[in-house]
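Note that the chains are named A, B, C, D and E in the order they appear, and that numbering of residues resets to 1 at the start of each chain.
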Amino acid sequence: MLVEGGHVFAVTGAVLAGLGFYSFLVKRHPIRQLLAANVVGAGVFLMLGGLGRSPGGADPFAQALVITGIVIAVALSALGAAMVVRLAACGDKDEAPLGEKREGP
Amino acid sequence: MSPLDLLVATPLGFMLAALAFGGQGRWLILVASPLMMSLAVWLVFLPPDAAHVVGGWDLPLGILLRGDGVARVFVLGAALCAALVGLQALYEFSPQSGGPSARNRGFWPLFYLMWAGANAGFLTTDLFNLYVALEMVSLAGVGLSALGSLQAALRYFLFALMGSLAYLLGVALLFANYGTVDITLLARTAEADAATLMALAVMTGGLLVKSALFPLHGWLPPAHAAAPAPASALLSAIVVKLGFVILMRLWFEAFATLAAPIAVGLLGALGAAAVIYGSIQAMRQRQLKALVAYSTVAQVGYLFVAFPLVAAAPSAAWSGMTLHAVAHMLAKAAMFLAAGLMLKAAPGRDIADLVGLARVMPVTVTAFALAAISLMGLPPSGGFAAKFMLLDAALDQGAYIYAAVLLGGGLMAAVYLFRPIAVAFSGAHGRAVALKAPLAAVAPLALAMCAIALGFFGVAFAELAAIGAPWAQGDAIGGVP
Amino acid sequence: MSEAFMLAAMLVLVSMAAALLRAWRGPTSVDRIMAVQLVGTGMVGVAVALGAARNEAGMLDAALVATLLAAVAVSAFVRRPEGAATSHSKPNSPSLDR
Amino acid sequence: MGPEFLAVLQILSLALLAAGVLFYVAGSVGLLRFPDAPSRLHALTKADNVGLGLVSLAAAIYWGEPAIAAKIALVWLFAIISSGMTAQLLARAAPVADGSGSPAEYERESGT
Amino acid sequence: MSAAFDILLCLMILATAGIALFVRGAFAAIAFFIAFGNLLGLAWLALGAVNVALAEIAVGAGVTGVALILACSRLFELGDNLADVRTPLASRLGSAALCLGFTVMLAGVVLTIPPGDRLSKVVAPLLPGLGIENPVTGVLLAFRGYDTLLETFVLLGALVAAWSLTPDASRRLPPTTMVMTDPTSRIVAEAFTRLLAPAALIIAAYLVWVGSDLPGGAFQAGAVLAGALVVATLGGVVVLPRLDSLAARIALMVGPLTFLAIGLAGAALGGRFLAYPDGLEKTLIVTIEYALAISIAAGLALLAIGPPQPMPNNARADAR
């Protein structure tokens, strides 16, 4: 298949998504996992944008989806950062409620 | 002015009002509950093919809102649940009940955001709109569980975030491949090429994280158990259901032709494993709310055990699956509310501390018991009717393993749910203290009785759930008015 | 001529990559934030060159926004108490350099 | 404007572009090779801004329209202002964050 | 030539992302992540999607980078030096194999889909009816206005969730002083803010106004204003109001409220929810965009600075 301009960015997006998922699984600190989530989001948007590329310019529908996605991603990242700092500052109010130890995800 | 729009616009309006009124925002629920209940009932009585595009922009650009059977049933269940949980929260989050005021003020906007997101998710057929609705619901879910344990909320947040991104990846692939994100259009044009299968797999993975199916359930028990009672009731009843409804729409409508028996069988197997694992873990729990949280993991397993049954014979098992979901919604909300009240009166958090509670707070313990009856699937409850329909479908298809899981699950549920009830009724000299506001026990009782009442209206429920179901009438809904 | 601007854009990209080497190696966090600043100004240059190559005036708005917000990250970085603490006597300040 | 005048403009724009890129590269090399933070700061703010200015000038000439040239000048103006601020802030932070943070540390590193 | 530029840019994006995710130092990770955001903005410019580039640059530089830097510096103050606990080798290899397979499959699938625009030919004929030329604004505010409405409530919800974390204890404690403690830096920041703030206001207003016809829009303008607000707060020029103060809540609610009110008004006047009456489309859309820009600016600024965190005792000693 002919590798067109859009494919370069789309494949980059796919690789970013893969990198992000791997980093999410491997890294334990929440801030690192937040960075991983942002990289996956950027990868998905880049894929959407890349596949919407045409000689006339980028597909407006895809652009609108990406802008909506970016705003949601930034809102969640900022919330995540606030939660991590709050957890480090005050710890958990009540002890771990469960009897069994922390098992897999 | 159709309920399809108002069911989302009204809670958003109440969210703004709750944010504006701040401290006094909690009294809004007295207006919101009846209003939302009437909108939900109005939706139920709409003509069968009620659907319209938002803003008048036609597909594939616009967003189609459709009041099909699944939407009506889940919106009604969610409205009932949220309304009664809201009344209980009025008591739980009042200033005199203690707890930081930021927490009390944060609950109500998030409560209405979740309600709007759930309704938006149940009513739309647009996959990207479902992504935004999913984000609304999980954001509110994270906010509500953060009112309890921040550690569990952070873990829930990170897993929910990854689940949403996996789902969004699938939506991006589908849009790139078909040029549309609408389920009704996809149902007509979908074919089994690499991109579609990959998209379906990735979306299903993301949604399984959202609906906490075993083995991706790790985040649910700590978050639901530590949250305050109304929050964990909403989390277990509504948040978990939206992911499941989207999976239903994907597997049985958009990609019904692609749903290979192996894949659906895998979901069924995971469901069976969830039933067994959830029940065993529930038996091992010392704390009441942890037991109820693991019961959610088990009950979600039932919903996915129903997947292969519906794939094989849709007309038989469809209403069983939807009835089970709604019955679980009502019963689990009742149980969490009752558990919250019981733990307030009991000296500790463990099941052993519930000694003699039945004498001190008979109404709440009865509500807990009624909810347990529905979860166990004993007649005449809604849970029984759902299990009966599923069992009937499983036996018709000769799927004896699933039939065994359904029966075994009910038995195990009886074991782990009977323990707290037995402790509550035993013992004369309980050290429990009477509840300050007996009125608060009305909400769980009402919810539990609704769960039981569902058992009597099984047939009517089946007809309602079958409206506009994908297998029922081909694609009559496709022609958009 | 537009080819020349594309070539210029690529060369500036390469210079940004070199700057990132400092971000990788930089012993102190100040070096890292400097490298990020250099990437920021480099990005503005590439945006202007790209806009000229493709005759797209919208890209200049993007460059304008980039220059406007370039200083935000630095002010957030400098805000940390021990980083800009007046008293120089804090030997074991938890510096961000790890 | 005669064709040869246009040719001169194009050559001028090319020359400015080349000079601009040269300054960018100089800025990066400066950042890599200079021994300590303040001198790297020098490379960062001076070289890069001149590089951006020259590239912008080249673009303005190549584009030709005055409105676009005005917007490019605005871009350059803001670039200078914010890099001025960045230089001030980083200069304040540079010696303190260097190693143990005492000014003595700074002198020792720069070899005086 | 532009293909070579695309490939070089993509390689750099992958490199910065890889380093940002796996470098050992915490601050190095954030530095590379901000560089990654800048390069992403360039990628969107190379793709010709200037609207998205504006949003990515404004949000990446203005909000995400700041939120992470502030979070990281607060974590250091609290003694959590973001040390990374090594996950066992077995799980690392397993995840690596899983993700590698996933990436190869995903890249393969992506290559089977021919890039090309999908709906621009469907969008184009409808734009004159709205009196708008920028198709992205048309899609965002009209055709998919329902998505955008819900999304503004997601932003509001994120803020409410972040602020409901503040324990009552933080009422009495001074919230983490967001102002730079070093006086000269603060003077520099103040001077810069006096210059930056009017410029940011003008540019934001310009972006919203031009957003109807050329690249721009409410989100981009809001993010630019948020960046300016953050610098102003750090410079001590402005003190961001607490969420329970009336000023903050009005600023936050004006966008969603206007959007919801206009949507419901459309339904009340016989049309449908979020249907703009004929002839009024552009005016209503521009009104909504200005209201949204204000709410997004306030929301993103409050999110970037983060809710007031109770100070650990040693850092509080410096702050006074």
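Simple rule for what comes next: a contact is a pair of C-beta atoms (placed from the backbone, for glycine too) under 8 Å apart; a residue touches a chain by one contact, two chains touch by 3 or more.
The structure presented is a predicted model; accordingly, all values stated were derived computationally and were not measured.
Annotation of subunit A and subunit B: jointly contacted by E, touch as defined at the top.
Fewest steps needed to get from subunit B to subunit D, stepping only to touching chains, is 2.
Among the remaining chains, those touching subunit A as well as subunit C are E.
Distance from subunit E peaks, on a Cα-centroid basis, for B. In this structure, the chain pairs D-E and C-D differ in their number of contacting C-beta pairs, and the larger number is found at C-D.
Averaging C-alpha coordinates per chain places the centre of subunit B 47 Å away from that of subunit C.
In terms of their C-alpha centroids, the spacing between subunit A and subunit E amounts to 14 Å. Subunit C and subunit E have CA centres that are 19 Å apart. Rounded to a whole number, the gap between the C-alpha centres of subunit B and subunit E is 31 angstrom. Residue positions of subunit C with contacts to 2 or more other chains are 14, 16, 29, 33, 35, 51, 57, 64, 68, 70-71, 75, 77-78, 82-85, 95-97.
Residue positions of subunit A with contacts to 2 or more other chains are 10, 17, 20-21, 34, 45, 47, 51-52, 61-62, 68, 72, 75-76, 79, 83-84, 86, 90, 93.
The multi-chain contact residues of subunit D, meaning those touching 2 or more other chains, are 78, 82, 85, 89, 92-93. By the contact rule set out at the top, the touching chain pairs are A-B, A-E, B-E, C-D, C-E, D-E. For subunit A in complex with subunit B, the touching residues are 10, 17, 20-21, 24, 30, 33-34, 37, 40-41, 44-45, 47-48, 51-52, 61-62, 65, 68-69, 72, 75-76, 79-80, 83-84, 86-87, 90, 92-94, 96-100, 103-105. Interface of subunit D with subunit E (complex): residues 78, 81-82, 85, 88-89, 92-93. Residue ranges of subunit B in contact with subunit E, taken from their complex: 1-2, 5-6, 8-9, 12-13, 15-16, 19-20, 22, 52-57, 60-63, 100-103, 105-107, 109-110, 113, 116-117, 120, 128-129, 132-133, 135-136, 139-140, 142-143, 146-147, 150, 169, 173, 175-177, 179-180, 193-195, 198. On the subunit C side of its complex with subunit D, the touching residues are 1, 4-5, 8, 11-12, 14-16, 18-19, 21-22, 27-31, 33-35, 37-38, 41-42, 44-45, 48-49, 51-52, 55, 57, 60, 63-64, 67-68, 70-71, 74-75, 77-78, 82-85, 88-91, 93, 95-97. Subunit A makes touch with subunit E in their complex at residues 1, 3-23, 25-29, 31-32, 34-36, 38-39, 42, 45-47, 49-54, 56-64, 66-68, 70-72, 74-79, 81-86, 88-90, 93.
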